[in-house]
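Chain naming follows the written order as A, B, C, D and E, and within any one chain the residues start at number 1.
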Amino acid sequence: MLIRKRSTRKFMPTSLSNASEKLGMPPGSLIHVGDIQEEDSRISVIDFNRTELQEPVVETVEELLKFREKDSITWVCLEGLKNVEITELIGHYFKIHPLVLEDILNTHQRPKFEEHDDYLYIVLKGLSLDRDAASVNGSFAVYHEQISILVLNDFVFTFKEKKDDLFLPLVQRIRNGNARVRNLGTDYLTYAILDMIVDQNFLLLDSLDENIDAVEEELLSNPNSNTLVAIQRIKRELIDIRRSITPLRELLSSVQRSDTKLIGEKSQIYFRDVYDHVLRITETTDSYREMLSGLLDIYVSSVSNKMNEIMKILTVFASIFIPLTFIAGIYGMNFEYMPELKWKWSYPVIWVVFVTVPICLILFFKKKKWL
Amino acid sequence: MLIRKRSTRKFMPTSLSNASEKLGMPPGSLIHVGDIQEEDSRISVIDFNRTELQEPVVETVEELLKFREKDSITWVCLEGLKNVEITELIGHYFKIHPLVLEDILNTHQRPKFEEHDDYLYIVLKGLSLDRDAASVNGSFAVYHEQISILVLNDFVFTFKEKKDDLFLPLVQRIRNGNARVRNLGTDYLTYAILDMIVDQNFLLLDSLDENIDAVEEELLSNPNSNTLVAIQRIKRELIDIRRSITPLRELLSSVQRSDTKLIGEKSQIYFRDVYDHVLRITETTDSYREMLSGLLDIYVSSVSNKMNEIMKILTVFASIFIPLTFIAGIYGMNFEYMPELKWKWSYPVIWVVFVTVPICLILFFKKKKWL
Amino acid sequence: MLIRKRSTRKFMPTSLSNASEKLGMPPGSLIHVGDIQEEDSRISVIDFNRTELQEPVVETVEELLKFREKDSITWVCLEGLKNVEITELIGHYFKIHPLVLEDILNTHQRPKFEEHDDYLYIVLKGLSLDRDAASVNGSFAVYHEQISILVLNDFVFTFKEKKDDLFLPLVQRIRNGNARVRNLGTDYLTYAILDMIVDQNFLLLDSLDENIDAVEEELLSNPNSNTLVAIQRIKRELIDIRRSITPLRELLSSVQRSDTKLIGEKSQIYFRDVYDHVLRITETTDSYREMLSGLLDIYVSSVSNKMNEIMKILTVFASIFIPLTFIAGIYGMNFEYMPELKWKWSYPVIWVVFVTVPICLILFFKKKKWL
Amino acid sequence: MLIRKRSTRKFMPTSLSNASEKLGMPPGSLIHVGDIQEEDSRISVIDFNRTELQEPVVETVEELLKFREKDSITWVCLEGLKNVEITELIGHYFKIHPLVLEDILNTHQRPKFEEHDDYLYIVLKGLSLDRDAASVNGSFAVYHEQISILVLNDFVFTFKEKKDDLFLPLVQRIRNGNARVRNLGTDYLTYAILDMIVDQNFLLLDSLDENIDAVEEELLSNPNSNTLVAIQRIKRELIDIRRSITPLRELLSSVQRSDTKLIGEKSQIYFRDVYDHVLRITETTDSYREMLSGLLDIYVSSVSNKMNEIMKILTVFASIFIPLTFIAGIYGMNFEYMPELKWKWSYPVIWVVFVTVPICLILFFKKKKWL
Amino acid sequence: MLIRKRSTRKFMPTSLSNASEKLGMPPGSLIHVGDIQEEDSRISVIDFNRTELQEPVVETVEELLKFREKDSITWVCLEGLKNVEITELIGHYFKIHPLVLEDILNTHQRPKFEEHDDYLYIVLKGLSLDRDAASVNGSFAVYHEQISILVLNDFVFTFKEKKDDLFLPLVQRIRNGNARVRNLGTDYLTYAILDMIVDQNFLLLDSLDENIDAVEEELLSNPNSNTLVAIQRIKRELIDIRRSITPLRELLSSVQRSDTKLIGEKSQIYFRDVYDHVLRITETTDSYREMLSGLLDIYVSSVSNKMNEIMKILTVFASIFIPLTFIAGIYGMNFEYMPELKWKWSYPVIWVVFVTVPICLILFFKKKKWL
């Protein structure tokens, strides 16, 4: 078996030195590369056809082989990729190309669709809201999990990085004997899985939408430098989301243009449906991006406006009191011959001046629309 | 009948938790997803050919079946989608694919054209000005209604979210026995419906144009922070409008490239005409977008200019009176040996200084073009 | 005759209510939609072949029919579209599709080329400088006139909105018996007309260029808020110009790709030539656009620079006189035990301080490059 | 001979009125349109094959005709286009299409490649640094000279606007008997000429690069409003350069896609080589453009920074001395009952206040990172 | 042998005059053009097939010829291009086109793939972090080394500019008898080399990522003008990186579309894999670019914010003390009839005023959210 380690494919190594080391490592075995380090692996198997359904507990990969003879669809879902041996054995028994196995384990893949002789390989990102990060610092954080799908004649394998309930609704639909998925082949099951993953993004977009609204409200009521940081953080998440989602468009149009026998004529309409969803999602992210740049414009303007406000106060105070202080200064001079100092009405008169000058100035400013 | 509920297709659920709940719901029946909750449904039917015209009152979907035998065109318009049973039955009797039915009911579709074996499915957005919002806060708000069109051999179905008079002019044209629409097939009727919906956008653009002009005028006469909010609001509506309109281009070019038998050779020129309208609309929105970014530039500059004005006042006052105050301060000092204090002409002379210094300063500033 | 009124195609109705009214009007007759309301129509006819030339005065459309039998090229130019009957009759006698007639009369068309069975339809915008607007407020305004061209086997019809001398040079060339246009067919005449209209844009671009230069000069010598308005106005005109010109590229490449028999092999080189002109024009407008955005950058910067200048004056005055005022204030205090007040040289010494402190400050500022 | 004057093709007439006049001129003869008014024309001829080389002095166009019979390559280089008769005669004897002749003489062409039956027409811009402008005001100015190339079976004509030594190195290579150009046909000669013109741009880019570096250095050391003008001037030149260079990409890919017999299979690799150079040049100009926009960002920021500096000085001075002045003002009041005035230690104490207050303020500001 | 010197192809000559000189040089011999002036050249040879492996020390190019007869793959790696004779001889013996040899030696090539009759030519950039520059001034600098690959039937030549260990891991894999590269042809070796070069970029991106993070942190904690310079420097490097990497996409898709016999069907999947890596790299650089523009926005805003802070201090101080100073000034006037001066409680009362006025002002400012 020829599976070499390709450590250099690691996309974002935690540290530079670490990656440099791996660059020189001798090839030999598959390794898992990814940020999500789920300790245990879980294999779930569901085998069904129109009439029967079986959910066996499977301990070893070899146990899967017996389903090959059965006239039924077997969906094997592996969650947790750290134990690379399982993937290696699946690759061995089901004759998967070593490069595909590497791509499954290296979780920094670009979403893509590959058509091989006996199977299809689909890899994409499942995005979900990172609720922990959100609850800690109230910010918006997204979790990018890589999900690989292998579609064979009677088998569908899904490889997930972490254990969760993403596919539970689908499994329940399969358990229900009447569901359409029971009557159709692996292509429809593949569609249902893709649909599940893609539709999850709508939840994400809702949350994004809420965050943008919150930021916008804050911008209009009380803009501060945290608002800018918040805008920037959402923008950055959006860049990542777009990077995960944009290639899906291409992926699904490849699926549709493909003439593989593994996807039947009748299932094409379903894939077109997922494709429409992807288009809607990408267009929505595009418009969020425009909105964010609009928010930035508001922020910059509101900062300028605030400066204007501050300048106005200063100007009012300075422009009014500086002349008055000067007037007071005049009569604080100690010249011997200053006739006004001796007059009896000087002091009341000067108070009249002190009151009328500011009034005139303010009226003048108002008229000039400076205030 | 196999129609499953696909709640996850909902695009913008009102709340996140709500959407999450639905994600796990068992499939089984079609549901309506949308913001417009028209309580009652209204079915209008108009059945016509070159010589006859009939506008029967239809209570149940089954009543429509009798028109199938007739050699005439039957246009069925359903307004209000909340009662999903009607759509379900139409789908059942006219053999519409379940995914299409879901798309009709889920009103967050991207405009698209789908060619099925026996029918065409067109879904697009009818944009109209939300006059209520406009009258309340004077702002510009747009109403995005989803309109679905099913084109069969002898039938045209339109599904609207709300009840209004959008199609009334067309209905009146049909009632008029001489109208071209009476002589041609369902394809021309489809064109007439599309044309009606697309041309409605011109009204919207007029209103948008007026709003932009009003904002521009405000910008040049009296820019304030509300102006920015207004620009931003129009920009946001424009983003939405573009999202509804841009896919129409693709939709109509698909219609033209399609080789379906449901659209005759002779009708192609009409669809090309609608296509031209759509091009004009998209180009107009593009130029509005550029104009808005121009307005933003003016706004930012006008804020800066205003700041300059304020700074100038401050500078004039401070630069003139601060030196004078200093001079007055000098002669307010209490030194015993200050010869000027004793001189008889000191006080008049100092007044001369108080008058000439500001004059010189102002002249100097003017010369330097600082003021 | 089936020509229905399609009022909703009107692009920019003068008022919203007006347009809404028309939306419900019964179709029946062609109407003219446009901003240019030329009262009278003028029909000019020139009929020529290699040897003969005739310029008959034509009163009715029927008089044109006799030229159909003649082996000659007949160019009919209609100026002023308000009298829709003429267009209607031309359509009737020469079998023009009703949609084309509507497009001719509705002067908000997007430039396009349509190939019909027996004729070609070209519609484009003739841009000319609006000298009236220019002379009144010195600003740059452009006149967008719609010109439609119908190319038949032996006839060329041109429909203009207003009466002017645009085609005069071409007419004079035709009158000259040796001109190439006399020897070639309607395709060459069409080319000559297109060339005339397209080349007029160069004049416009010259004027635009001059305006941009003038604004740039003003920017560098004396930027003020009017400069910004001027930039914005040119930008807006440019957006409109681009909207009129950009589709020409597509139009002419359609003409070249077309395999209509109405355009001979030999004339293709001429259309390619016009195409090159259009490319040059669009590229020039593109670069003007970039220049304008550059001007905006200069404007914004110059406003900031001016602010800096103002701030500097303020800073110099305040920073120098405020400390001095403080010093004077010290010796204006009335403490009984202030030994300096009694000293004989105090007053001269304080004057030395008053002179040296500002000098030191100014030197210090200069050294720090703050001034 | 049918060569009409097409004055309207003039791209940038010196004055508007001038151009308007020409619009109405009767066609009849070719005229030269261009900014470069080289007085005399110079015809250089070099005729060579593998073994022989001849550089005859040619006075009239007719003398060229004798080379038509010879089995050799004749390169005719015309410098200075003002004497249009020469071009006219070349067109006449070598059967060049009148439109091509016009394009040669009207030096505002967009670079393009035209394939005619018996010859190829290439027109492009030779960019060179305008050293005169550079030496006068130290700015960066580019000279756009139009160069036309006509490739016939045995002849290559080049038409240049001005006399210079651009082609000298190539001529010297031809004179050298061993050069590859001697052994290959007109296609290789054409390549060599194109290569010469294109590679000249690298010099230009070097100079541009130097200018950008100089501006960047100035920006970082001492930004002033001249820096902005310099950035803007380079940007403007870059817009022009891009306009001259970008179409070259298309030109050369047309040459490569062309199936003309005038360019042999073996020469294709050479044209691909020039194409690569053009790609490199356009990509370089693209990155210069991005750099310039980066410089603009720095400029704007540095202006803001400078403002901040100025504001800081003002703030320090005002914030420190205004409170002190107030304190001094307190004890300058003339109330009868002010006990402090009588105290012996008041004056020294107040001096302590005068010293400690500013120190505290400065420390406070520093701590707050305001200074 | 016909190899001419083409000095004008030099892309970035160190000085203008230098380049001008070369423009006129007689062609004749290949020269090396590049910034990296590695003194010595090193030839490494590794010859292997499934069973055997040989690493002969080769002194002259002629020694390579004997491997031509052997049924094995020979990989020749030349490091250091200054000694052009080696390249010249390789070109001579292996019949490489002179233009290809020039491209190998002129190290300013754009990455490209050329298909020749008997060999393939691939040229691309190996990017590596310039650690020297990084350690000196802490900035981010990238080293662009040109690597050329010639793929023949049994030979692979690689030409590198400098000596380093880039290929060492690959060599070690070859030495290991079991490696896949031992069993497959020159196409797989070519893939392995390309993969090595491309994957090196991931390291670079990591470093870039770290730099951007560091700058972002600095921006949020303590933005200063150096931060801007750092952003600008990264931006500039990014422009260069993109220029080196973007053409790789095209290069690899050419390789995949190519129908050369030198790349077997089975190897296509490997090249597709490299292609995916390149896509990922370009998308990552695209998102870095967006992030940088976001950082610039933060910088500009933070400068404005800082200005606001400074203005606030000034405003607080000036607005509070200027009125107080005025009040003190009033009672510093020397009028004879000022009753307050005589009152016993005047002085305490005025102190109450001095304390309450600022408090009121501050509360007022706070309420107005000005502070």
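Everything that follows uses one rule, which is that a contact is a pair of C-beta atoms (placed from the backbone, for glycine too) under 8 Å apart; a residue touches a chain by one contact, two chains touch by 3 or more.
The structure presented is a predicted model; accordingly, all values stated were derived computationally and were not measured.
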Touching chain A and also chain D, the following chains: E
Chain hops separating chain E from chain D, counting only touching neighbours: 1
Angle of rotation relating chain C to chain E [CA atoms, steps of 5 degrees]: 145
Centroid distance [mean C-alpha coordinates] between chain E and chain A, Å: 26
Centre-to-centre distance between chain D and chain B (centres being mean Cα positions), rounded to whole Å: 43
Chain B residues counted as touching two or more neighbouring chains: 300, 304, 307, 311, 314, 318, 322, 325, 329, 332-334, 338
Chain D residues within the chain C interface of the complex: 2, 4, 8-13, 16, 19-20, 23-27, 97, 99, 108-110, 112, 114, 222, 225, 228-229, 232, 235-236, 239-240, 243, 296, 299-300, 303-304, 306-307, 309-311, 313-314, 317-318, 321-322, 324-325, 328-329, 331-334, 338, 340-344, 346-347, 350, 354
Chain D residues within the chain E interface of the complex: 168-169, 172-173, 176, 179-180, 195-196, 199-200, 202-203, 205-207, 209-210, 220, 269-270, 272-273, 276-277, 279-280, 283-284, 287, 290-291, 294, 297-298, 300-302, 304-305, 307-308, 311-312, 314-315, 318-319, 322-323, 325-326, 329-330, 332-338, 365, 369-370
